Amino acid sequence: MKQLFTNRKPWLFLLVLLFLAYPFIVGQSVYLISIFVMVCVYAITAMALDLLIGFGGQVSIGHAGFLSVGGYTVAILTTKLGLPFLLVLPLSGVITGIIGLLIGLPAVRLSGNFLAVVSLGFGLSIPQIALNWDSLTGGYSGLPLARPEWLSNDSQFIYVIILMTVVIIWILHNIVKSRLGRAFVAIRESEVAAQATGINVPLYKTLMFVISAFFTGIAGGLYGYWIGFVSPNDFSVFTSFLLLGMIVIGGLASIPGAIIGAIIFTVLPELTKSLIGLTNIIIGIAIVGIILFRPNGLISLLEMFRIKKPSKKVMDEQEVYLSDLEQGGAARDANV
Amino acid sequence: MVKKGFTLFIAFMMVFLLAACNGEKTSSNNTTGGKDSNELAQGVTKNEIMIGHSAPQTGPVAVYDTFRKGMDTYFQYINENGGVNGRKIKLIAYDDQYQPTKASQNAKKLVEEDKVFAVIGNQGSAANLAAKDYYINKGIPVILPGTGLKGFVDPPVKNWMGATMMNYEVEAQIMLNYAVNELGAKKIAIAYQNDDFGKAPYNKIKEIIKTYPGVELVAEVTYLPADTEFSAQAQKLQQAKPDTIFNFGVMSPVVNLKKAMYKIGLDKTKYIVSSIAGGDTHAFQLAGGDVWERTYSGGILISLDDENNEKIKLFKERFKKSYPNEQATNFVESGWSAAQVFVEALKRSGDNLTWDNFLKSFNTFDNWDGSMYAGVSFSENNHYGITKMYMTKAENGKIVQISDSIEFEPETGKISLPKK
Amino acid sequence: MLTFKDVTVKFAGVTAVKDLSFEVPQGNIYSIIGPNGAGKTTVFNCISRFYTPAAGTIDFNGKNILKLKPHQVIHEGIARSFQNVELFAKMTVLDNLLVGLHPTLKKNIFSISLNLPSVKKTEKESIKKAYEVMDLLSITDLANEKVRNLPFGYQKMVDIGRAIISSPKLILLDEPVAGMNPVETKKISELILRLKKEMNYTVLVIEHDMSLVMEVSDFVTVMNFGQKIAEGTPQEIQKNPVVIEAYLGEVEENAQIV
Amino acid sequence: MLKLSDVHVYYGHVHALRGLNMTVEDGKIVSLLGGNGAGKSTTLKMISRLIQPKKGSYEMDGQSMLKDSPSRVVKKGIIHCPENRRVFPLLTVEENLKIGAYSRKDKNVKEDLEKVFLYFPRLKERVKQKAGTLSGGEQQMLAIGRSLMGKPKILLLDEPSLGIAPILVKEIFEIIKKINKDGTSILLVEQNANMALGISDYAYVLENGHIALEGHSQDLRNNDEVRRLYLGG
Amino acid sequence: MQIIASGLIFGCIYALAALGLVLIFKTTEVANFAHGEMAMITTFISYVFLSKYGFPYLAALGLALLFALVFGIVVYVLVMKRVQSAPHLNQVVLTLGLFMIFNGLAGLKWGYQPTSFPEAFHGDPFKLGSIFISTNEIFTVGLTLVLMLLFFLLFRFTKAGLGMRAASQDIMASELMGIKVSGVFMGAWAIGTALGGIAGMMTAPVTFLSPNMMGEVLIIAFAGAVLGGFNSLPGAVIGGLIVGVFENLVSYYVAPELKIVFTFLLIVVVLYIRPQGIFGGAKIVKKV
């Protein structure tokens, strides 16, 4: 544990440094800043999703829905009620968290593909609801919103985003390293044993949804403020799929992994932009390639540098692979 | 294995460095941007003009990319013939997958990294809305974007010019007017796509139908662009017994509703569909048989069926050359026409190409019919651009023009009655 | 301490346990033996509240535990291990034990999010306690290994460790030595006896390995077809003809070496 | 006759089998003893070709088996009855047994089904029951019966006594003897060293991936070191 | 009545798409999100045979299905085989990656312009009682039911079916019993893809042929399949039909634009009451 900690600290520090230095490096380019902002938005969302899927084992393929909710919350509260920024941003998390609670309640009973479909339905429904609830959401034409005066400049606002991102990384890091995070992983690994060790499984599952939705909501809120406009088209099911891709590509159950995934999936399309019609193919190839050749995600590249002395009593990765192979399909789900 | 991983890691870092380097380049160049109005605008050199385009190339509505192909074909044609004022046109097109986020990202890249002179034909209402403020602040000319929402052009914004399609509301007005006055519609039903394509014209019709005495709205049904099953809507329409049915949406659902109505025998009622859905014969193919017959629609471009028209011939010939595997549809033609308008404006701006000159040149368009559009007009107070439309009817597998051009006057909001 | 009174459990019409009554006295090691499918694990699952009996009562220190939810059982001081080890496979040995401490820790989400000193402090204490337990089981050198990479026997150890770390009053051990060879079995026997003597735990064991049962038990209950067929001290049970017939089988030379 | 010589198996960095040499002669019961993690199951997995050795030779009746797939090995008559029974829980007893005969082309499956029921009359009573609902002992019987349906020349048994009541363990060991008498060689991996040495002809003791000791079962039983390390005596 | 009938007919299309999905899932435990795109590519191939080489409909269908079998095998061998034992999420994301590749490639090759695709049987709709129905629709319904029955029987009563069921429960034990698991899985992918191809060819006349033709259909089919329990072939068909009819009812009585919202609400309610789906069968209680 301690070893892990000392290993992780320097490069966490590096990351923060990079974060802070980025605006200076890119100077006045709004384009590069905007890529950076989207990286932050997706990184927060991917981390929140990873908390739910990677750590907690609860599949959600409708997470983009929470992003939309966060964005709309900010837009509605700002334009319709005229609330101040400092109140609206946390509220976007709170309201999305409440929605997460509502989704989490029925989800507690479901697992695997069943949960996937329910969350997919949520992801599909949010844009439809936004489209139809004209009076609140502005329907197809969306809602414009303005940043407060003191943040109207992009190069000022980016520091808010950096600050939020760093704080959220820190909080999520604290959560997953804590007893709470351990309880989430325990639920993922064995619900029966988790219950026997005194973990209130339904409560914790719901809690996971709430926490995940809360931070995703804040990411959505930041997005709304950044673009200055929210619409039903912003986050589709496709975004949810990409988010899934991010956490798997980066490395499941790893906060740095989620960040790496977010960076790749935000930067890659920008690099391939000029190749007409190829963006999706390239992203697809990247996904397939990474999963085939780095099944534990890109984060496993970093872990290679950490030399691991296997204890004599321990089988290594190969065995892991085999013991997975032994676990049959239906048996894996039916928990036989 | 370790080595391979390391190389990957290095590659990953390189990406970052690359991004960083790009950044520095930008920051140093930025100060020398085209602020001085006597100098050429950004993206313009002695022999090249760079212009940008952001639209879906992949994803659910990737079909909009055919618009780019139309533009591209025309620019190739112009470049092969010496360009405009000695400058070749270079089109930089980015994929936004119909997502506002990406559209706004693209806008920033086009303007700051690629330093384009103008953007043309950006598709999608939401995408355009997301990037609107940025373009307006930067002063980049936005030429004929692919959205028919009124808010973009009315009230006019200095650097926002027109749209590639008929304004949704104007189109609705013209069609309702035609239906009532020429086709004798009394009991009207509306089907509309539940997004900008459908709701804007629907709202307009609802608003103005009161001004037509004796005409009533008997049914409204909605659908989503990706819908395929329309029996419920067809049933509802049948029960309302309308004499005219409007349908505002894109081609696939509009055709599918027609098929569903045909199936249950709701075939004699007049069916009027938006111009983006009914503009070309492709609808016949999709609907199959004589399902599509007698469908009314509107057109703002010269009909592709007009085989003898020299412009159409040139277009078809060039397009076949540039994109041999693609079908020349209405949407491709629309891209070609937008490019025509753009090139014409360039020509009219003269050699000293600045944003001001360029934007001012648009005000000289008065019912210009040099492009495929029936008429293009701009003025200080009119940024609609496309103000002329004619009605069409599907007959014997062809789209036939059945009225003269009907004109809309943005200043007064009036529409002229078609001359028979 | 733990009292079963006329407990009956049914699954889809099949009676798994019928009118079972027994009492585990404080500070004893109590064994339940019986053929496969006799309903032994069902008894455990009733105590863990995974199953609810159709009839009867289960009291623990005078409190009706049938009113509890599965996750509340441990708060009463009842911990258990599992027959086919139910560990958190992808977690390290240390983390598995720390999860075992879950019920004793405060879980204020805000102080956790901010990693306040109080959280840090209790976390340090937990880790210290986990190392104590690992020392007890002599698996300290495996602390940072993922349990799924361990051989079955070590997994069993971790499973037992996770049950005892929260200092329960009663420990349920379900086949603690299955898959262990006689030497390893002996080690576990010694451990169980130490738990009783040094820490005064009460232990309820299900086991097929008679060497362990004979060595550690104070009292044995034998079950067959969901019913109690015999009870008594290990020596009595070993000689009971009903038990020999149903469970032990004819005494052969092999068994004598045990 | 099955012969392994100088077999090395690696799991990643871990050297699991380090130059294993062993032979299973026709008609014999051979047992393989060793502590947790000594490499017993690995040996069986290697023989049934679930694992590829890095080095070494593996022959059956003089033919190398190193290139064969698991299903080929089954066809050649080596059948591995895995640890923890591994019956198909959602299939019925009958279906489980039929799976055992999956690789056979002949039509005598029905007869062999009856033969298996002769060994395990209990299975016949539960022929339509889902395997997942059987008790542990019955599942073990089913697992062995399933393996027998493939008409093995050599049967590899991994811990048949795991988690099973003493009386059933005795029954199962009796049946193993019977199976052997009826002409099947058996390679037995067992924690219960007493039982294993009791029924086998020859035995190997594995330590850290190599054979530390071998000999006739009777001799090993009297070996002091074996008694101390594995019999707990 | 017409609403329900039309819903049933369209439900059959969902059911067809769901059948292949469930077949693959039932055997290999992979929820194949690329299923729709593979179906789309198969349909495009049949279209090439139809329009470019002028084959008759049935011949084109046969050739396309042949292609689908090979296509399924190639996808399995090149990609899916290597993640057979990986976590489910990896598999799911992998198929999402394939989805993007196939969709993009089809777009590059054939363009995104929707094209019409012929129906298996032509002919104007006729009236059956108060319901309008066409020959082709009857064909679709019949085909769905026949295929469902066929594969149901295959799973239940043949040796190959037994092997498939065994392999899905315990890969290692199956290998040890002499089942070539990779062969069985390959077969499931081949047949599943071919089933998808059939679904594609039944869908194309309705949604029109384009790289995006299966997107919406597949999502609803997936939902329908899950509603049916996701590992039951009759469940897939029933689930598809329920969703089809329910969608239409919502369209008619509530609001068409909210049908997706309501459909998923229905699924949430059903799954809340029966977490294993309608035909999911009781979960085996874990023995601890």
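Letters are used for the chains, namely A, B, C, D and E, taken in the order the chains are written, and counting of residues starts over at 1 for each.
Everything that follows uses one rule, which is that a contact is a pair of C-beta atoms (placed from the backbone, for glycine too) under 8 Å apart; a residue touches a chain by one contact, two chains touch by 3 or more.
Remember, predicted model here, so these are calculated numbers, not experimental data.
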| item | value |
| --- | --- |
| Steps in the shortest chain-to-chain touch route ending at subunit D and beginning at subunit B | 2 |
| Subunit E and subunit C - chains in contact with each | A, D |
| Those chains which touch subunit B and also touch subunit A | E |
| Leading chain pair when contacts are tallied as C-beta pairs | A-E |
| Chain located farthest away, centre of subunit E as origin (C-alpha) | C |
| Centre distance in Å when subunit B and subunit E are each reduced to the mean of their C-alpha atoms | 36 |
| Where subunit B and subunit C are represented by their mean Cα positions, the distance between them in whole Å | 72 |
| Where subunit C and subunit D are represented by their mean Cα positions, the distance between them in whole Å | 30 |
| Residues of subunit B touching at least two other chains | 58-59, 62, 65, 194, 224 |
| Shared-contact residues (touching 2 or more other chains) in subunit C | 50, 82-84, 86, 151, 154 |
| In subunit A, residues with contacts to at least two other chains | 128, 131-132, 192, 277, 279-280, 313-316, 319, 326, 328, 330-331, 334, 336 |
| Subunit B residues within the subunit A interface of the complex | 1-2, 5-6, 8-9, 12, 15, 19-20, 22-24, 26-27, 30, 57-59, 62, 65, 68, 92-95, 97-102, 104-106, 108-109, 111-113, 124-127, 129-130, 133-134, 149, 151, 194-196, 199, 224 |
| Subunit D partner contacts - residues on subunit E that touch it in the complex | 159, 162-163, 165-166, 169-170, 172-180, 284 |
| Subunit E contact footprint on subunit D (complex, rising order) | 48, 50, 69-71, 74-75, 79-82, 86-91, 95, 98-100, 102-103, 130, 132, 146-147, 150 |
| Complex interface listing, subunit A residues touching subunit E | 53, 59, 106, 109-114, 116-118, 120-122, 124-125, 128-129, 131-132, 192, 237, 241, 244-245, 248-249, 252, 277-281, 283-288, 291-292, 295, 321, 324-336 |
| Complex contacts: residues of subunit C adjacent to subunit A | 48, 50, 69-75, 79-80, 82, 86-91, 94-95, 98-103, 105, 107, 109, 112-115, 119, 123, 126-127, 141-142, 144-145, 148-151, 154, 162, 166 |
